[in-house]
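Across the two complexes that follow, subunit A remains constant while its partner is subunit B and subsequently subunit C.
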Partner chain A sequence: MEQPLLEVQNLKTYFPVNRGFLHAVDDISFSIPRGRTLGVVGESGCGKSTLGRTILGLTPAVSGEIRLDGVPVLGKERQRQPDLQRKIQMIFQDPYGSLNPRMSVGEIIADPILVQQGRTGSSDLERQVLELMEKVGLSERLFGAYPHELDGGRRQRVGIARALALHPDLIVCDEPVSSLDVSIQAQILNLLMELQEKEGFTYLFITHDLSVVRHISHEIVVMYLGQCVEQGETEEIFSHPSHPYTRALLDAIPRPTTKGPKRRPVLQGEVVSPIDPKPGCRFAGRCSFSSPECEREDVLLREAAEGHWVRCRKLSGENL
Partner chain B sequence: MKRGRPFRKRGRWQAVWRRFCRNRLAVAGLVLLLFLIGAAVFAPAIADYERVIHQDSANRLIAPCAAYPFGTDAYGRDLFARVIWGSRYSLSLGIGSVLAAMLAGAVIGSAAGFYGGRTDSMIMRLIDMIMAIPGTLLAITIAAALGTGVGNLMIAMSISQIPTFARVVRSVVWTIASEDYVEAAKTYGSKTARLITRQIWPNALGPLIVQASLSMAQAVLTISSLSFIGLGIPAPSPEWGTILAENKSYMRMYGYLCTIPGFAILLSVIALNLIGDGLRDALDPKLSGPVR
Partner chain C sequence: MEDLLRIENLHISYRTMEGTVYAVNGVNLSVEKGETLGLVGETGAGKTTTALSILNLLPKPAASVDQGRILFQNRDLLAASKREIRKIRGDRIAMIFQDPMTSLNTSFRIGNQVAEVLRIHRKELGKREIEERTARLLETVGIGRERWDDYPHQLSGGMKQRVMIAMALACSPELLLADEPTTALDVTIQAQVLQLMRHLKEEFGMAMMLITHDLGVVAENCERVAVLYAGEVLETGTAEEIFDGPVRHPYTEGLLGAIPSPDHKISRLSPVAGQTPDPSKLLPGCVFAPRCPHCSKRCLEDKPKERQRGGHRIKCHLFADKAEWRE
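And now, the complex of A and B:
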């Protein structure tokens, strides 16, 4: 089998807080083949953004391993590879906060090139920037414009152009469309998919929006409180959701129909604290199928079908 | 494709300038300051330096008239020439000391705000210690320790103002350092120095400029106070505070001797304060209002 571009193994990112450690990312493993998209889904605070930031090196990991093209890139290994900063880039959620208000569009897109390659000829730099702008569908006349003069969609295109500037292999997209209007969301998603087709980018796509993730991802990781609760091919997960949490998420997607099947009850209960969580299934408190033993001991990921992993004790019972 | 396209156009600062111009008081302050700077720069053309130091016992204590617009003092020196030349000390020292303090404060405050944590605590506790001493008193202490003279006064004034700037810069840098665009610049490998100078400082400039213009007003006042009590510019030099000190014994009979240099101090302080307020409103309309 071909070597995947990104391999993440048993990654743990904890934050020290007053009462102990906040388990933001707790033992996550996955891999993304080159040119594919992995969607990471979960509610706010489940650690999906921290996962992205850890892969980017913005947040230090506690343990685990990250390999890019088979080369470990975590912690000290990272410093030895200046090239790494070129290989992994990020697209941010907030197109307003992610662009420096004092820099023009041209300057923003040129900055990564300047940082990585030092001074190149200014006309050459300009040519590169204009090419990038064309690639993401920005008109040439916006070259000298400032971010506050652009709408959300255009700003996000600037963010994408900046991420593409260094020809990265992996792009971490942290909710890149969730703060945009729906019509613009589609444009940006299509742009990202087009770019993947043309240039073979690999995406780690973080989102809370299941319809978005279905549209763009080849594989999905569903996260709950730092853990992966379900993982597999997108179609497999959408057709055979096996973890109660995934089912609840899927049921929560509004359907444009008046008849349809009756809705399952909405999730009850509160999310337990991610600070030094007790052993046992972290979802047990909100799960309508939980039994006392769910709360006693940890549940492991098990393979429900070929390439479809689920962290649930009740796995055997079809149609819970 | 067109060549030589400008990478930036000056949109932001133009908007700031337009908002500044809408504030009539601020424009008045600017005109006043330019007038005073003009007087300082062209002092040799306005009044010969000879008239500043020339003592004439025949023409002592003449009230303002055509030959002596501001009158003469107890030594028969031309007060007009002295006040004009005095603007050189007040303005250059005021502006110079603030710029020096601003630079030092920017570096110290940036380090504290950017690194945070222990670095921040250590730097800021040190700054707090200095801040516990009132600025003017600190300047007096330093000036007394170093002795009088233009250079020493400048050092004293700068040091006493560093804490204010360090605090302003630190809080702004701290806020900006967690912005997404700074994170983005980290992901593509910007070094700390580049992050601070290119991503953070341009966005921190607004509050810094406001603080600078307000501090300059304070500095002009402090310089005159120090000179008045004899710790600033020594006596024969025509510093405004020094002139006040020399003439204070004649104040009752010859009021113009103290009101005119006092008025010069007042004008420059008002001008700088008006500009500072105007800049604050122009740079950030959200901050305008009576709240300081």
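And now, the complex of A and C:
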């Protein structure tokens, strides 16, 4: 089998807090083949953004391994590879806060090139920037415009062009469309998919929106309180959602039709604290299938079908 | 059935440093007793401006209501004095805001914040009775009375929104304006809050104006829907007509085509092309024409009149020649 572009193994990122450790990412493993998209989905506080930041090297991990193209990139290894910053880029959630208001569009997109390669011929740089702008659908006349002159959708295109500037291998997209209106969101999703088809980019796509994840991802990791509760091929998970949390998430999405079942079961309770979690299934308190056993013992990820992993005790016996 | 609230030909503009911004341009809406009207549209469509104008909460002096009437039980709220509005606000018409994190006062206990509404609008009640009612309200929205003394920072986002709902319901209003009440919440918590609002609506028999950009939330919670774009209502109809009917306004069609579905895979979304128009310029023709796939010369020059079939109203030239669609 071909070597995956990104491999993450038993990754743990904890934050020290007053009362102990906050388990933001707790033993996550996955890999992404080149040119594919892995969607990481979960609600606020499940650790999905921390996972992205750890892979980018913005947050230190406690343990585990991350390999890019087979080369370990975590901790000290990272400093030995100056090229690494080029290989992994990020698209941020907030197109307002993530662009420097004092730099023009052209300067923002040129910045990573200048940082990595020093000053090349300026006409060449300008040509590169204009090419990037065309790629993401920004008109040439916006070259000298400032972020405040652009709407949310155009700003996010600037963010994408900046991420593409260094021809990265992996792009971490952290909720890139959640602050955009639906019609603009669809434009940006289509753009990201077209870029992948044409240029073969690999995405780690972080979102809280299961519909978006189904649309864009080849594989999915569903996270709950730092752990992966279900993982596998997108179509497999959507056709056979197996973890009670995944099912509850799917049920909770309101559908734009009056013909669906109107009164679906609603998941009760709220997410418990991720600080020094107790043993046992972390979802047990909200799960309608939970038994006393679930709250006592940790549950491991098990393979429910080929390549489809689920962290639920009930699966070992009979199917739900 | 009698309209509880009727908005007629409402025009609102904001004066800014860059010039006048036309936020609401001739909006007509009505909410019947006990019904839920969904107000959908994208950023800048004028949804929130419309809602704020009902309770005289528009930022002054930047905003001005240039034309129109807002009739609440046949009484024009725009003509009412500040004092009269203050009596209605929080009592007969209540509002829930989008951001539960900043809508509560951080330095007061949540029980006191709910009780304040009663102290202001139900002066005849004694201290004991106000406390008892507040405790019951907190329980109604699923927060135990033992949390009375909590401060907002001790609550999660979903619970804060429940406190906001308790405050809004304190005086059993006839009309609730809910401006993106679940947008800041996670889906599973959103489902809880929406379920609660549906129960309470049935129990108290109040009418609701649910403002949101989420078409799914509208389809599952509203009887009637108004689609707002660039300050104009382009379409109104029942939820069935808007979401599952045979004909729609091209803009509504575009909105629906832009949402990815969790139930099946589509290879590409078909969003509305382009961006919303500059609100500082009023277009002579249809406001949606520059982005519309069916745009013709006439659309750019003439403003389409609203046409209706039954209760379904559409503002689009495509329906001009159809006999069953009357002016």
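Here is the rule we use: the second predicted complex is superposed on the first by the 309 of 320 C-alpha atoms of A that agree within 3 Å, B and C clash if a C-alpha of one lies under 4 Å from a C-alpha of the other, contacts with A are read in each partner's own complex, and residues count from 1 in each chain.
FYI, a contact is a pair of C-beta atoms (placed from the backbone, for glycine too) under 8 Å apart; a residue touches a chain by one contact, two chains touch by 3 or more.
Note that the structure is a prediction, hence the values are computed from the model and not measured.
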- prompt: Taking subunit A as the common reference for superposition, should the pair subunit B and subunit C be classed as clashing or as fitting?
  reply: fit
Task: Quick one: classify A:235 as touching subunit B (first), subunit C (second), both or neither.
output: second
Message: Contacts for A:97 in the overlay, against subunit B (first) and subunit C (second): which applies, first, second, both or neither?
response: first
Message: According to the stated criteria, A:248 is in contact with first (subunit B), second (subunit C), both, or neither; which is it?
response: second
- request: Could you look at A:189 and tell me whether it touches subunit B, subunit C, both or neither (first, second, both, neither)?
  value: second
Message: Looking at A:267 after the superposition, I want to know if it touches subunit B, subunit C, both of them or none. Which is it: first, second, both, neither?
response: second
- request: Tell me which partner A:292 touches in the superposition: subunit B (first), subunit C (second), both or neither.
  value: neither
- request: Answer with first, second, both or neither: which of subunit B and subunit C does A:166 touch in the superposed model?
  value: first
- prompt: Quick one: smallest Cα-Cα gap between subunit B and subunit C in the superposed arrangement, Å?
  reply: 10
Subunit B and subunit C footprints on subunit A, overlapping residues: none
Message: Could you list, by residue number, the parts of subunit C that touch subunit A in their complex?
response: 42-43, 156, 158-159, 186-192, 194-195, 213-221, 239-240, 243-244, 254-263, 265-266, 268-273, 275-276
Query: Touching subunit A in the complex: which residues of subunit B?
result: 1, 3-9, 11-12, 179-181, 183-191, 194, 198-199, 202-203
- prompt: What residues on subunit A touch subunit B, complex-wise?
  reply: 56-58, 82, 85-86, 88-90, 92-94, 97-104, 106-107, 110-112, 115-116, 123, 126-127, 130, 140, 143-144, 146, 149, 159, 162, 165-166
Query: For subunit A, which residues are in contact with subunit C within the complex?
result: 43-44, 151-154, 181-187, 189-190, 193, 208-212, 214-215, 234-235, 238, 248-260, 262, 264, 266-268, 270
